[in-house]
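In the two complexes below, chain A is the common chain; its partner is chain B in one and chain C in the other.
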Partner chain A sequence: MNILVFTKRVPATQEEELRILGDGKEVDLSKLPFKVNDWDNYAVEEAVRIAEKTGGTVTAISIGDAESDEVLRRAIAMGVKDGFLIEVEKVLQDPYARAMLAYNFLKKENIPFDTILTGVQSEDDQFASVGGILAALLKVPYSSMVIGIDNIDKDHLVLRRELEGGLQERAKVILPCVLSIQSGINEPRYVSIMGVRKASKVERKIFKAKDYEENMSSLIEVVKWVYPPKKGGATMLSGELEEICKQILGIIKEKGVYQ
Partner chain B sequence: MSYALIVGEVRRGIFEERNLDTIGISSLLGKETCLLIPDNAYTISEKQVDTIIKVKTDEEAFLNPLNLVGIVEQAMNTYGKPDFVLFTHSSSGMESAAYLSGSFGLPLITDVSGYDKDTGAFYKSYYSDKIFGEFRCVGQAPYVLTVRSGSFKEFVAEKAAFPKIEFIENVAVNTSRTFIEYVEEEKTEIDITKAEFLLSVGRGIGNKDEIPNYEELAGLLRAVLSGSRPVIDKMWLPKPRQVGTSGKTVKPKVYLAMGISGAFQHIAGMKDSDCIIAVNKDAGAPIFQYAHYGIVADMHKVRDKLKEMVKG
Partner chain C sequence: MNVQVNRILTCIQCGKCTGSCPEAGKTPFNIRMLIRKKQFQYAIEEGIPWYCTSCGACTLRCPRDVKPSEVIIDMRSALVEDGQIPLSLQKALEDTFVQKNPWGRSRSKRGAWTEKLDFEIPHVSETKEKRLLFVCCIQAYDPRCMVIPANVARILKKADFEFGILGEEEACCGNEIRRIGESGLFEELQEENTTNFKEYGVKEIITLSPHCMNVFKKEYGDTGINVSHYTEVVWELIKNGALDIKGQYEKKVIYHDPCFLGKQNGIFDQPRNILSAINGLQLLEFSRSREISLCCEGGGGRMFFEVETTYQRNADLRVLEAIERGADMITTACPFCVMTLEDPATEKGQVVKELSEILMEVL
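Showing the complex of A and B:
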């Protein structure tokens, strides 16, 4: 089975204060560390596992700037055979434009696939859409939120989708198809710095996005960036640790759940 | 007619409460509201919409994006192009909205949680709610939106009359993706939805070896230990202990959240708790917007001090 897996380099924003620049024109990402999108890490792992089981190869594709090579090296260190970077000059906010770019690329370069995997969403923009749009453009079936692949056959997969409230749906999907992979589907293997360094010896191919721009106009655009609306907000407890903990215990006693 | 087509989210005979948010944004947009659902006996407060189109198909086929695209196309051919096609931002809405956008080249904004009537901008979360983007559609309508649960239900307005009922009779069923069955979560002895006091841990816990320390604290406080998605994904706590939309919705008297930043899927599962106390290192964590009491501190230090004081 030939598998393509999309992987994205994203800023690590947990525990970071984000600043908006120029009256809402831009979010300042310059001081943030970057990492692989968490969901893509699970997708890469799943792709490698399927290939290990069924034979065939996995190719990782990243749409991003030159720095995105980092997540391709990481994917190769996890067992992916090839890495393709589709280098864009500026961030494409519109998921439709991104999916169209991927579609044009796959068509023009005539890249064969049985399955395309993406993460459910990326941590930065949380659109959760590129895989579904790409599937529709390719006119192949799609399933999002894949939390388990139970059976792999020559012409189809049996998989489980995560729904709400702990419920799952088992479905049969004919190949070729596009799947978006939910976090928790597997335990991604550990990647050492040595492993990534070794992976840099494997050649990654670089393609320029401007060669694949047919029908790629954005259908939505950002007007500006804003900080989240302030809700009521919490009463902040401060002071010495002991004082804070005394207050916590006071609150839970008052609520009658602890004596 | 200037209208919004709402794709109703239904699951196992239930008309999901999240649909109130798509109905709400439709009124806020000032559109006639046309609800598309399978032809089944759902409990709907009928005066909330102008038209209901009942589709002669079973629920699972209706929710399948490959079929839904054809159903929406039939509705558009019969009733004209809507200005908006609205979905809930859920496991079903997210996949069908994207597939619809790709099928017809329609502008798509997902996880919409606000709308500014004056500027026509839609608000969408970035970076786990730390920043929001104001978006507008520049392509041809209909615009496809998925709507965040809880964001627009306050705008649902009572209509003067009962809705018109229409039917879509013949639906082409695609066979390249087919529903097999629902898989239920296994039952466990501890039901976190019954607990009066939950101690919930998130990504901030950092390490599996810390779990027993929080189990001990939960034991001392007579709380039940639960967790957010990252802890469940890593299998540090079993799935039935997950709080959030894909896990359990809980309403304990006290919800003590430690190291949980507060992704909206988590918030949706705990926001109705009587009292929420949040401990997080990151003063900018979204959970502080929803908590009653907040503490900016290292969760492990708070844990150790609490243990010491309770044992004391």
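Showing the complex of A and C:
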């Protein structure tokens, strides 16, 4: 089975205090470290595992700036055969535009595939919709929140989707298809720095996004970046340690956490 | 045949390594047997190499220079390259790659410990002596350990001893990273730190953690930089009169030798000299101290993950012995030792203080 897997380089924001610049048109990314999008890490691992089981190859594709080569090398170190970078000149947030760019690229370059995997969403923009839009453009089936692939056949897959309330849905999906992969589907292997260095020797092809911009309009316009409104609700406890502990115990008893 | 394989083949299976190993007998880790298996190229169970605390006792006592603790690092490297390592270690390594510290805290907050001080510490490039106080990850971020750099900064300031810091430019020293077996990441950290040291003309490094000192001294190659642990510097300052210990400290204090300070780098006396210079302080010793000090099990990556076996931890034994010897408190000069000892100590009503915490009470 030949698989294409999308992987994105995103800022590592978990521990950071983000700053909005100027009149709210931009977030300051200048001092942030970057990493692979967590969901894509699971998608790449899943793609490699499927290929190991069924044969075939995996190609990683990244839409981003030149630095995004880093996540392609990482994917190659995990077992992906090669990588394509669709290099954009400025940050492309709109999920429709991203999906259209990917669609135009796949069509124009005539890239064959049996399955396309994406992460459920990216940590930065969190639209969780590029996979779905891409499937619609390609006119192939789409399954979101995939948490397990149970069976792989010549013309279809049997997979499990994660639903609310701890339920899962088992679905049969006809190939070719697009799947968005949920975190937790596997335990991604560790990628060593030596592995990434070795992967540098594998060719990654670079394509310019401007060659694939047909019908690529943005449907969403970011008006302004804003901080969430400050909410009340926090209670500050004061006094000696023993007194504070008593107060905490009182509160958790009152809230029914501890009887 | 490479040097390391040669070394393994010279092992005579005398068992001195296992005899000195802090994990032997109570965990499935048997270093002599692992070397034997390597000699015959037998498979090694994946979970086993992760027990090693990198205390270095086996390597120090081996009569054939097999360097068993280095063999463990090689075994771990193979697992790292294969991608099959415990999840929590994976996270520590990935966090170190992204944020340059194994806890994954923001690099921009690496200098946050300085906010508690009522004076400014210059960047090392702005100092006359080009003397760097290297903070270390755990002491830059962990709330328990953040007091240590603040204390040492206050002590050095009191002695009018010029020093600077790198702030958010400081990256993990890589001592633990190398021992986890991630040699590529270690090289990156080494390169980043060395580039900074060169760019800012650093002539001297004072480390707070013995782990950082060890790696700068022994594994960064010839940097031409003089590296010392802060206890060496502080003892010199006390000796030459720059620091005056005024206070009384009527306590029985037992000193725990950190492996990377003591047995691996021979710094036994300076911390003891400092403690002995304090009026009223009665210095006690563990039955296993100095070269044969019992490892606290916080090294070699063990700070970042728990082994599967349940057994009585060495830190627990240490605390029990301290109580038995009538100590009012345990002191040590390593942040990892502080962290591992403090858990069982708190549980048993014993106190653990990092050496600088005692000093701050008497200066």
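Operating definition for what follows: the second predicted complex is superposed on the first by the 234 of 259 C-alpha atoms of A that agree within 3 Å, B and C clash if a C-alpha of one lies under 4 Å from a C-alpha of the other, contacts with A are read in each partner's own complex, and residues count from 1 in each chain.
To be clear about the criterion, a contact is a pair of C-beta atoms (placed from the backbone, for glycine too) under 8 Å apart; a residue touches a chain by one contact, two chains touch by 3 or more.
The structure presented is a predicted model; accordingly, all values stated were derived computationally and were not measured.
Of the two partner chains placed by the overlay, only chain C lies in contact with A:Gly195; chain B stays clear of it.
In the superposition on chain A, contact of A:Glu187 is made with both chain B and chain C.
In the superposition on chain A, A:Ala66 makes contact with neither chain B nor chain C.
Within the superposed three-chain model, A:Val91 lies out of touch with both chain B and chain C [touch as defined at top].
Applying the stated contact rule after C-alpha superposition, one finds that A:Lys31 touches chain C and leaves chain B untouched.
Looking at the shared chain after the overlay, A:Leu21 reaches neither chain B nor chain C. Chain A residues 14-17, 187 lie at the interface with chain B in one structure and with chain C in the other. Here chain A touches chain C in the complex through residues 12, 14-17, 31, 33-35, 78, 187, 189-197, going by the rule given at the top.
Taken in their complex, chain C has these residues touching chain A: 80-85, 87, 90, 93-94, 97-99, 104-109, 182-185, 187-188. By the touch criterion stated above, chain B contacts chain A in their complex at residues 11, 65-66, 69, 90-92, 94-103, 105-111, 114, 119, 121, 123-139, 174-185, 196-197, 203, 221-223, 229-230, 232-235, 239-240, 242, 245-249, 252-254, 256, 261, 274-278, 281-284, 286, 288-297, 301-302, 305-306, 309-310.
Chain contact summary for the complex, chain A toward chain B: residues 11, 13-18, 20, 24, 27, 93, 95-96, 99, 123-137, 140-145, 158, 160-174, 177, 180, 183-184, 187, 215, 217-238, 241-242, 244-249, 251-252, 255-258.
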